[in-house]
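Pasting the structures here.
Below, chain A partners chain B and then partners chain C, in two separate complexes.
Coming up: the complex of A and B.
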């Protein structure tokens, strides 16, 4: 009697699973696998969701996806997948997948007040072009913008960056990574002079203590968490410390849970620094050789608008703090000032300025952060005894300071999404540097990322309003000149003025300075804080909004044109994860209907424009740069003609289908029979994803950011490579001579990043000698003080409100909500609150309540149990649910240095609906 | 048919009881056990995908289970994922193309 098909399949699945996790497989089972997978083609790929970068294997048969499994050879996840990763194969085939361009129409014509009607790509592009030309003629390069994404592939990010900055001479392109990683970037720049972490995930298997600072890894990075739990259980000395504002799933395995008051992480970090000095534990050999001390201004505002002209009446009192702040008791002590003092915010325009100080000044600055002071300020659970909290803080310091322990600090949005996000990142390095516990296996401060290519696409390609590829910056003339040379542009084609950052693009849309907006692979009208303003700007004002999307989310709903996008396995691409690992994949299946890759959208649209449309003189309000007339970009057309261009050349020809790129031909053996719908549609015989990759990599080489050639990543044995890739070898730990070829021989360590490495000298309050001093090769140990959140609970809005993700959903849920099983596990967002707080408001579990802030209100169900436990005074709701737009509530204050929004600290009131 | 391959790790000293508890779960079959390291491979069959996710959560909640994660997902006979679309996403009738009602409401 033969096995039934079901039993046969089960045997085969078990054998495949065993093989994937490295267990031996019986001969008979191996035969079952072979038979049931007949005709399947397995290929390596990458998970589309968080920043961990798990490898997955994808099987196709007859052009259809038939199975996915964890990639046993992927060093990141070693065969495992989390619940989100498990659905990579399904997210592409939702019934409501957008498969045709849609446009708002009335009487056969585009009409902002019309209903969505299917149109052809030609019709959609015609209207986009017409509106683009209208706005560009009126406003110039600053009137158009793109809200880009850390979920674009590297090549897509590169193509849009080039189209905006070189073609349209506009720096108004900024990614959703701004709201996710910008504070981490700003601190990498200020401390090390170069972006991205020194360490990698292998730190987990070397560490003795792992400290989570505002990172609920159990829910947000489950596969890394499985490595953390393995280390905790398999290594006797290993300990996990969870610092958080409420009990979450990561506390389940934590040895020490520290519940602190929002934003007092700034004070706790300084307490640790003070302890390091008090216990004589500074690693002076490391500090003297490799570090300097620095500080900057405190009066930098909160990243809000400089005017309250657009504020709702209820917002005005908080808005006032952008101009002047009355110091509370704790800030006064923490900043060595007087309680009640009014501090004018004089450094909002230049918040990142910093200067050298002495160790003596540094020591004086951390002196007020005693255990008594910090414990009183920071204790987050009103029901916890103060002495117990003090003992925990002391234990935390013990772990960092113990010379026998290797310590890794992990963080994500708890640090980054803060009005002092850059400062608290810098403080984390402060303690690791003081102890010399940095850039070594198991020792280091490690910034995790939330999106699959925040590093690869947004940061490395520089898809930001102030960046160019590979750590180059718009305001730097040498960086612009280098980029112009690489891109074959006439000198001064690039706009020297920083564009609008993510939040500012939305503010510009509200105040009429941006009128044409393209949104791709992100959902700003659900995910950006204080959305009541932006929804109005998109729908009620004379603005034109294009949204490239795979599914109908909130942003698609408020668009004027919706372009249907190809999803991950329907196109060629590459992502870069949080440990500098770059991974590529091939197109596996064709996109449905007329959906097409964003890179095709960029290039096809670029065919409609000529260089003469943009490379003549352009007005740029406020432009001021050396070598430029105020308010103007010069004409570069004459120079372009000298270089062999014709004014009639299309942007497509000049930027993308260049003679060099056309030599990279499609089809290519590297495809191994896989399709490429972009190459096929363009039809001129080149391989855009490979050609643009090869055009991009010279930016990275010789500068500590080296990427390998396209075909290398597609090698059968390669599972991504951690840059810098030098002589074919990846780099495990940056800045450490043992691992990093960029470190000078004999130096031991060298913090060789080049940005912000010549700074003035001063004391704790000001610059005393403006002459720049070189700090080449050194990392900066910053003193940054505690500062109170810009909005805190008061008599009227009496509770804290914080938002974030949950395990089953990802960001705004446009993909994961399409999978009904995920939808049902967490059917709608709930508001977690303490049972006593609920009771005091006449509420119980599952009751419908209003949550109201100065900015808006939403209805939501109350949850008093479940996976998160709030201390009294705190509430939390995730932001994935388009039925509960919690960003109607959230404040749009931001870190003034990084411009990253603070989603974690709004004040609300809650009452029965 | 919802079939998935799940990797489970248990402390080796508890292996026999974990295996027994796994086999007692509806739809769960233990296929392979490595006694030295505590590694187990199970195949789970569930009526629908919510049941499958719940099943994984049940496995994770068993005493002495250290890790339980999905490894293998069989899709081939399982293309009808969207029987149960949320009401606001049900498409409009339109001969040209389906425009989700959500976009125009």
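Coming up: the complex of A and C.
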């Protein structure tokens, strides 16, 4: 017994007296806060969640994370956070945090049908290794795969990329960024020849008109949205235009809201281009000096499988459109063909091909996109008068064309997650380039990213099946040779054949061509569309699935081995945000229990393999590349021995603990006393996160991607730096001589990206002269036509279905649903629909309904009010809720160029449950 | 109201209490006392509600001491424990006597003598109904701000541009670190029903989580000499593998 009741009363009175009596409430509270903060240690870090990349400060005491705050010195957010960011300090302490490796066991042995049982790291790695060797022996480098992440740290991405591509000679590593940013990347490549935006967030404070194209920034980039709103309120001329398929939170401050039919953004963009030409508003000085015109094939399919062998019966009719498409009325006009024409999809294998055209051809191509045609096609709200919609489209064009207005176009998943995602990205540049409104403060097309390190980790490091670090590509022999040299590999170690992209890895798992899969920092079995296929592939087929996770989510549930991972502040790392800003942080606390950083998992597992296991001859089905025997990777072991390696050397020694890296010692003064559990566990005295960073940066230098040294980012005054960082200075606007040191003096602008800068010449339909013409230094203005979505509502599946995020939850909710406050705020996904649509189906708000597509069905509560207002015919439900796996419904069609899935356009029916 | 009448009223209230000797009524009163009375506005210096109810002997001395007739004693059947002092600001607010006569009159410390400065009193907190506040609707009212005895501290004005005209908005904002809860603003509010009202703190105040600090409110230097915690489990050699681990139950329950 501690306090007596009387003591208790006395203390409680004394303590609470302050609340009602002694004034100094504020002072006292402040003092109490201050006292409670004694001994706190603060360090800078970055928010775990979206691509905005807000700077935060993290406080620790006695090895525990005690608080966070927005970093007032961070130029991105100036001390602010959204409500997810507010909970950075709580995401790692959920009650069911995974702290022990788990493996499916029966009778003391691994068993695919067994129950999860705690095991040691040793046991988990033993089984992973055994299965890996079995699969690798049977299938070679293409039989293994990793679903990687744009939420890995840059160093983790780099380590796994190297392990797969250099160690295991497999290009089957692809990130969830594929489903987030790939269309943006494909367009950056095709238009500029180099990835990532020209502008930066300061564009907001210079812009007059900010146009959102399928970007609900109010919820998805909350802090950027407060900057946009501030600009709108504080600058008299500022206007905000929201183009969307349903009314969302961003409409609240929009001056103009344009609700369009899914995928008709393609037509609206061409209408603007047509207007620019018709009103004689082309900035010819800019276009002549800095641009060329281009187009490509239209018959590129929809990124689905070429075969319907694995399709559910109900899927087959849509699947058929992968091979041949009957043009509807609008497509016929938009593509200058006839209605009802059957078009064989002949360019599914090479959808990214493109060639030069003349301006006259370009003008001819956009000619059909008149206001009347586009308005009739694109009007999304059946209850809006056509004339009103027309007036809005005209106003939109006015904004772009007005020479007095600086215009920024923002987009995210509305563009990117589309079966024509790359095209619509290219079209956005088309209009900015025609007007010369690009790469200047307040003028530019700005691709926002969804994830915290889509840019930094996935894109810059090249953690894709076709990429190598810093804009280098697997099929390019010079890029492979450069990478081999940097990595000190024998020539031809790298596999020249592009690996399987994200969706294909899951399809491979289903068709048996991949049998060993490692998933880390993403949750594909909840987040990838059409999951009924993949759930079955993981659990019912002879596949081995490893999932590195912090919490038991859906992917963990279908795994065979679960590795407990350290979370963001439990390890050293770095992220790169949407404005090319690279930000680093130190480890703040130790991971709980047996949880360990993914980078340690990669390196520790690599110790089990020798170079002779992989660097001998390997079969790679379908491999065809100059200098390689068909279907084979050559042995590079002799060359390796000449370079001083022994066949018995471990991958760990050759890839990670190299002599150069071992010289980067731990502990290091840059740590200021912070721990590093990875360095401690590896135990050989090096500092992996710093060594790998320093190994990586030479890839970026001299090529317009320059990153600074590790210690620079850890400087007390530095809050991230926007690359290219040249002579210690960051770059605000790329391709603009005033700001970008890579632009030739006197050029004004130079689109110096090197990829796809020699292309053939042709007309609107075909190549007429295959001889490549150099377009070095220029950006391409693409003509891309309107194409109908692959699946549209019909008599049976009569409603549109779209999925995405809500502000309160991050992606699949593995973290945010562990924060009780966020879970309480938004405990479950709901289906937004128009009240009339609900009523017609005998449903009202909060009723339980089935949502069913050709692929599957889920039960969900109906919402007819709230934050989104759907036009008749449209529904929306977020994907965070593992109790409502909406990806059972979504189609896994994708942009054939970028391979990014289209989450925004499935056809469903809704009925009472 | 003259002194005699006031004394009479006090006696009536006390009389009710004294007369209430029937067992049923007594139980009723006990229940009343035991219950929290979240809406009661008490005189300056009152202890927290539960302690106040336990300490106040319902003598009425504070009521008699109040020169403004602000205070009254709760009658039977109301929301408050019978015989305890309270006030209704819209009728008569507390005028914040610098010598705090009510507190000085209190024989038990229910109105705590720890209150030395009347401006330190915390009777409640003013809250504004933004929808019906004339100032928040764009009129130039701001009576509450001007009438507030702690004007500029307890109530300040924030100016904001107004999208629909050239005329700025003047938003009154209440600050809990200075508001005494006197209710002069509520009394003065010119709307038919007061758009600013005083409520007990716990009825209106939220709390930001301890895990978060507002970034711009104080500078935080990066700690130059970080002291890591003693080695945690994961850097120590792995302990014996446990039989159970977090997440297992969910992972093993099937159902996908």
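Keep in mind that, in the parts below, the second predicted complex is superposed on the first by the 877 of 913 C-alpha atoms of A that agree within 3 Å, B and C clash if a C-alpha of one lies under 4 Å from a C-alpha of the other, contacts with A are read in each partner's own complex, and residues count from 1 in each chain.
The working rule: a residue touches a chain if its C-beta (ideal position, glycine included) is under 8 Å from a C-beta of that chain, and two chains touch if they have at least 3 such contacts.
Note that the coordinates shown come from a computational prediction; the quantities given were computed from them, not determined experimentally.
Participant: Tell me which partner A:229 touches in the superposition: chain B (first), chain C (second), both or neither.
Facilitator: first
Participant: Which partner does A:720 contact after superposing on A: first (chain B), second (chain C), both, neither?
Facilitator: After superposing on A, A:720 lies clear of both chain B and chain C.
Participant: Can A:673 be said to touch chain B (first), chain C (second), both, or neither?
Facilitator: Touch status of A:673: second partner only.
Participant: So in the superposed three-chain picture, is A:83 touching just chain B, just chain C, both, or none of them (first/second/both/neither)?
Facilitator: first
Participant: Check the residue A:41 against both partner chains and state whether it touches chain B (first), chain C (second), both, or neither.
Facilitator: Only chain C is touched by A:41; chain B is not.
Participant: Of chain B and chain C, which one touches more of chain A's residues?
Facilitator: C
Participant: Name the contact category of A:732: first (chain B only), second (chain C only), both, or neither.
Facilitator: Touch partners of A:732: none, neither chain B nor chain C.
Participant: A:301 in the overlay: touching chain B, chain C, both, or neither? Say first, second, both or neither.
Facilitator: A:301 contacts neither chain B nor chain C.
Participant: A:66 in the overlay: touching chain B, chain C, both, or neither? Say first, second, both or neither.
Facilitator: Both partners, chain B and chain C.
Participant: On chain A, which stretch or stretches are contacted by chain B in one complex as well as by chain C in the other?
Facilitator: In the superposed arrangement, which is not itself an observed complex, chain A uses residues 9, 13, 16-17, 20-21, 23, 64, 66-70, 79-81, 86, 89-90, 95-96, 99-100, 102, 115-118, 233, 552, 556-557, 562, 593, 821 for both chain B and chain C.
Participant: Flag every residue of chain A that touches chain C in the complex, lowest number first.
Facilitator: 9, 12-13, 16-17, 19-27, 36, 41-44, 56-57, 59-60, 62-64, 66-72, 78-81, 86-87, 89-90, 95-100, 102, 115-121, 123, 233, 535, 539, 551-552, 554, 556-558, 562, 586, 589-596, 671-675, 677, 680-681, 716, 821
Participant: Please give the residue numbers of chain B that touch chain A in the complex, ascending.
Facilitator: Result: residues 1, 3-7, 29, 31-32, 34, 39, 41-43, 45, 48-50, 52-53, 56, 66-67, 69-76, 79, 81-86, 89, 91, 94, 96-100, 102-104 of chain B touch chain A.
Participant: Can you name the residues of chain C that touch chain A in the complex?
Facilitator: Interface residues on chain C, with respect to chain A: 42, 45-48, 51, 112, 114-115, 117, 119-123, 161, 163, 176-178, 201, 209-216, 219-235, 238, 241-248, 250-252, 256.
Participant: Which of the residues in chain A end up touching chain B in this complex?
Facilitator: Touching chain B: residues 6, 9-11, 13-18, 20-21, 23, 61, 64-70, 79-83, 85-86, 89-90, 93-96, 99-100, 102, 115-118, 222-223, 226, 229-230, 233, 552, 556-557, 562, 593, 817-825 of chain A.
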